[in-house]
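As written, the chains take the letters A, B, C and D, and residue 1 is the first residue of each chain.
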C-alpha cells in the first residue's frame, strides 16, 4: 500500500499530537499543517519536515499547488474548534482529499446532509473519530446486548474536572463548542446508539456551562446521564461514581482509563476503508443538537441521582465569568 | 514564608509548563495567566483555579483590581515572544510585582538601562531565567577557571534540529525572536561570561536563519562557537560534536542532558532573593545585540571547525520559506 | 493653556475619526494610538506623527516610558468594543491620565463603583462621551421640562438599518457589545434621565438581536421605547416615525440629524473640566444592565405602537446567523 | 446581461469601498465579504444584504454551498495584503470564479506562471486592477509615443506622505507588502511598460522603508524614478515636483489628481472581457521583483535629481521603528 499523505488542521491544539502519532504509526506522512497559533514544537517529534502555516489561505494554496503531484495530500485531519468542522470538511473534500474529523463532526443534522451531498459530488469520504466504538469492552458490550428485546436501565456518569481556563477558551463558548454535552457528551451519546440502538426519547434536566444532565431512551436502554467538568462533582464522599456506565443486569463499565488512546486504531480502520460514515455519525449529532435546544424539563424522564446534589448546590460554583 | 502569588504571561507556549511546575514545587500559587492562544489545558495539571485571559487588557485589569488585596500578585513570570519581554517587564513593575523573565530579557542593551530605572522607581526586581548558571557542572567549571590569568581555548557547539514549523513561528522571525543567536545562543554566551569573564572581542562569521557561527574572546577564553537548528548538521559522520563545549586543558562539557530542567532551582533562588540581576544579564544582551548587527567577517578571529562544512553545503538546505 | 496630549485606543474603528477631529479642533495632539487592526490610514489626515501600535503591551510600554516626559499623555480616548471599556479606563487611570470613554462606559453598575474608587486613588477623572446632553435642542427641552411635577407621555423611536455584517462584528455579539439596547439605546436612556429625572420603572417587552422595545418610567415621563436595526422597520408605509421622540404636550424631537457631530463640543467641555462624571453616567448603565437581564413581560407597562408589527412579523427577517 | 455576483476579500481595508462602489455602479451585487477585522460599516452604504465573515474558512464554505445555485459567485475581488494575493487568486479560481485582484497581483514572476496554469485548468480569468492604463491622458500619451524609435528621457517622481502608522501596518512590512516600490511603485512601472514598451535595464540606487530610487530603461524611454512616503520630501522649497512624470520633448504629466478613481472603469472593462491579463501584468511584477533583490549600485544608470538630497539627509528621518 502506498504511503498515505496527510495534512492537519489544528496542529497546536490538545488532540493534534494523537493524530500525528496515529499517522506515524500507520505509516503515513504529514505533508502540511495549519494552526493560527504557532506553538507547534511537538511537530519535531513526529514530522519535522512537514510544512506549517499560520494562515489558512497559504495552507490552502499549498495543497492546491500539490494536487497534481505524486505526493498530493490524500487525507486531511481536522482538529479545529467544533464550529469550524463543517467548513474544514467542506474544504477537504474540495481539495480532493478524504477527511478525518474529530468529534463532533458538525453542529446540526442538516450539516450531515450537506456533507453527504459533497461526498457524492467529490467521491471522497468523511471519516469521524469515534474512538469509543473501537474500544474492545464497548464492542463486547454491544455483542452482549445484541439485537434482543431487553431494555436495559443505564446510568451514565462522566465527571472530569476542568479549570477556569476552560470557560475562557473556545471549549467554554457555546457558539464555538456547543457546550459540554456537544463537546464531551457526544462521545457517550454516540457510543449509546452504537450499543443500544436508535434514540427515541431525549429529555434535558439541566444545562449549564459546567454541568448537564438528562434522560435518553434508546431501542434497548433507558439512560440517566450526568456530565460535569466542575471539580465540586469530583469528591466521591458519597460514593459518587465519576466516570462509569452501569448497566442493570450486566455490570459497570469504567471510562477512567484507556478510551482516549484509540486514535491509532481509528486511523488503521480508516486506512482499511472502515472509517465511520456520515450515517453512523448522524444519530449522535441529532442528540446533541436537541440537547442544546430542548426546553429544560425536570419532571420528564428519570433524573440521574447526582443531579439533585448539583441543583441544591448551584451557588457553590464560581467560574470567574458568567456565560 | 508567605505563599508567593504568581501570574503568568505566555501560558500556551512551550516553556510555560516549566514555570508552572517551578511555582508549584516552590510552594507558590498561580492567580492568573494570559495568552492570546487558548490551548492551555496543561493548567489543569498545576493550577486549575487560576484565572485565564486571552486579552491582555482584561488580565491587566484583573491584576489592578487585586493590587490592594491580601492575595495580590507578587511576581509575574514572562514567557512571551522575545520582542515583548521588555514591554511585559515594564508592565510587571508597574503593577508592583517582581518579574521572572525568560531569556533573553531584552533585545538591546539600552533596554536594560530603562528597566534599571524602572526597578529604581518601583522598588521591584527584574529576575531573568539563566539556568545554565545554576547547573552544578558549570558552577564547578567556573570555580576551576577561577579568576586566574590563564586564557582557555574553547569550542562551543550546539546543534538541535528544528523542523520547518520553526521558521513560520515567531521563533523564526528575526524581528520577534532576534534569530537563533539571540533566541538560543544567549544561553551559552551568558554562561561564557559567567565562567570566563567579560567579553572583549565579538566577530560573526555566519548568520542565517538556521545556523550562526563566530568567534568571541572573553577575559579568560578564546571561543569558537557554532549554533545550528538544521538537521543536516546533526549527522555526526565525521565525529561532529553536537552539543558540547570543549575547554583546552580541562575537558569537555556535555549539554545534551540536564540543563533545561533548572526552572525550579531558578525559582528557589529567586524566592531567596538571589535571582540574576540586570547587571548580570547585561553582557549577554550586549553580545547578542552585536551578533545581530555586526558585518560578517569570515577572516577575523578563528573559525569553528564545522563552519567550513556549512558554507560548502549552503545549497543543501531548504526551509520552505526564505527569510 | 498647555496643549493637551492624547492617546487613542481603537484607532481603526468607526468612531475614532471623530475623536481625532475633536482632538485636532480643540488644539490637542495625538501622541500614540493603538488598534489590533492596522487599517488606520485616516491618521494621516489628523496626526501623521502619532505612533501607532497593534499590540497593547507595546502601546502601554510607550506610555510608561513617557510618563515623566514633558510630553506625557494627559488623556486617553477609548473607542474599543464595549466589553473592554472598563479594562481600558482602568489602564488609563493607572498611567496617570484622564479617560475620555465612548458610551457605554461599562457593562454593569458595579463597574462604576470600581472606577470611582480608582478615580479617588489616582486623582484622575473618567469622562464619558454622552453627546446628546450637549445638543442644544435637548438642553432646551430639559429646561422646558424643568423640575416640575408634570409627567409627560413620551414615545421614543430609533430605527437605523444595519446590514448583515453587524451581526458578525463585535457589535452584534451580546457578550462584547451588550446588544442593541446597550450599544445604541444607551444614548437615549441617558438623555431621558438627563431630561426627565431618575428612572423608576423598567419593563422589557422585546429583546432580539435586531430589535428591542420596552417601557420606562422616569420622575417626569412615561416612555414607550422602540429600537431597531432591521431594515424591515424602515419602511414608513404606515407613517412609522423612524428617529424621533414625541413628548405629549410639547412636540416632536427629530434624531435624524445633527446629534452625532458633537464630539468636538464634548472635548471642549472636558478640557474645561465639565466632562460627564461617573455619577451622571450611572443611571443609564443601570438601565441597560436591567434591560439585558430582565425577564420579558409583554403585559407590563405600555407597549410602543410599533412593537405589534414586529411581533407579527418575526419570521420576515433573516440575519444569516442565529444568536 | 445577467447581474454579476461578486464576493470580496479584504472588506475592512482602505481600497475596499472603491470596489464596492464599482460593483454597484456596474450593476453588480455583492453576495459575501471577508475580512479578519470587523470594522466594515461601510458595507451598509453599498450592500447591506451581503454576508460577512471574519473567518476565511466560513467564507469559503459559503461560496462552496452556493456553487450550484443560480446566484453563484462569478467573480471575487481581492483587496488583501499583497503577500496573500496569490493565495486568494488560487482560491478564487478553485471556486470557479474569475478574480479581480488589486495590484501587485503577485510577488514573483514565477507566481504568474502558476496562475496561468490555473487559468488554463479552470477556464477562469485573472484580472488585475491597473487603473493608470485606463486614464485618458496615459492612453493619449501612449498613442503619442507610439511604436516609434524615439527614446524619451523621463523623470518620474511620486511623493505621498504617510505617517508613522504605515510602518507598523502590513504596508510597512517588507514581507507582507514587498516595500514601497512593490506596493506603490508598481502602478508606475506598469504604466511605463504600457507606454514605453518592454523593460531592458533596471538599476536600484536607493531602497529604504520610506524612499526608493533608481533607473529603468524601456524600449522607448530612459527613466530616472524616485518614490517617497517621507514627509521630508514634500517640501517643495527647491521646486521639487511631487507627483509628476516629465517626458523630454512632450511635457509633464501630473499624478496628483484623478488616477485613483478608475475602479469603476476597470470593472466595466472587466465585465466586457477586457480585463488586464497575466501577460500584461508580468513585466511590472518582474520589475518589482528585481527592485527588491537587486544590489544597490549608485553609480550605474542615471540618478534622479532628488536622490542626492535624500542621501545627504538620511539622518533626518525617524520612523519610530527600525526595519
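Going forward, a contact is a pair of C-beta atoms (placed from the backbone, for glycine too) under 8 Å apart; a residue touches a chain by one contact, two chains touch by 3 or more.
These numbers were taken from a predicted model, which means no experiment stands behind them.
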Farthest-lying chain, centroid of Cα atoms versus that of chain C
B
Pick the pair from A-B, B-C or A-D whose contact list overlaps the C-D contact list by over half.
A-B
Nearest whole angstrom, what separates the Cα centre of chain A from the Cα centre of chain C?
42
Approximately how many whole Å separate the CA-defined centres of chain A and chain B?
39
Hey, how far is the Cα centre of chain A from the one of chain D, in Å?
46
Where chain A touches two or more other chains at once, the residues are none
Of chain A, residues touching chain D in the complex
55-58, 60-61, 64-65, 84, 86-88, 90-91, 94, 114, 118
For the complex, give me every residue of chain C touching chain D.
11-14, 33, 36-41, 43-44, 47-54, 161-165, 168-170, 231, 320
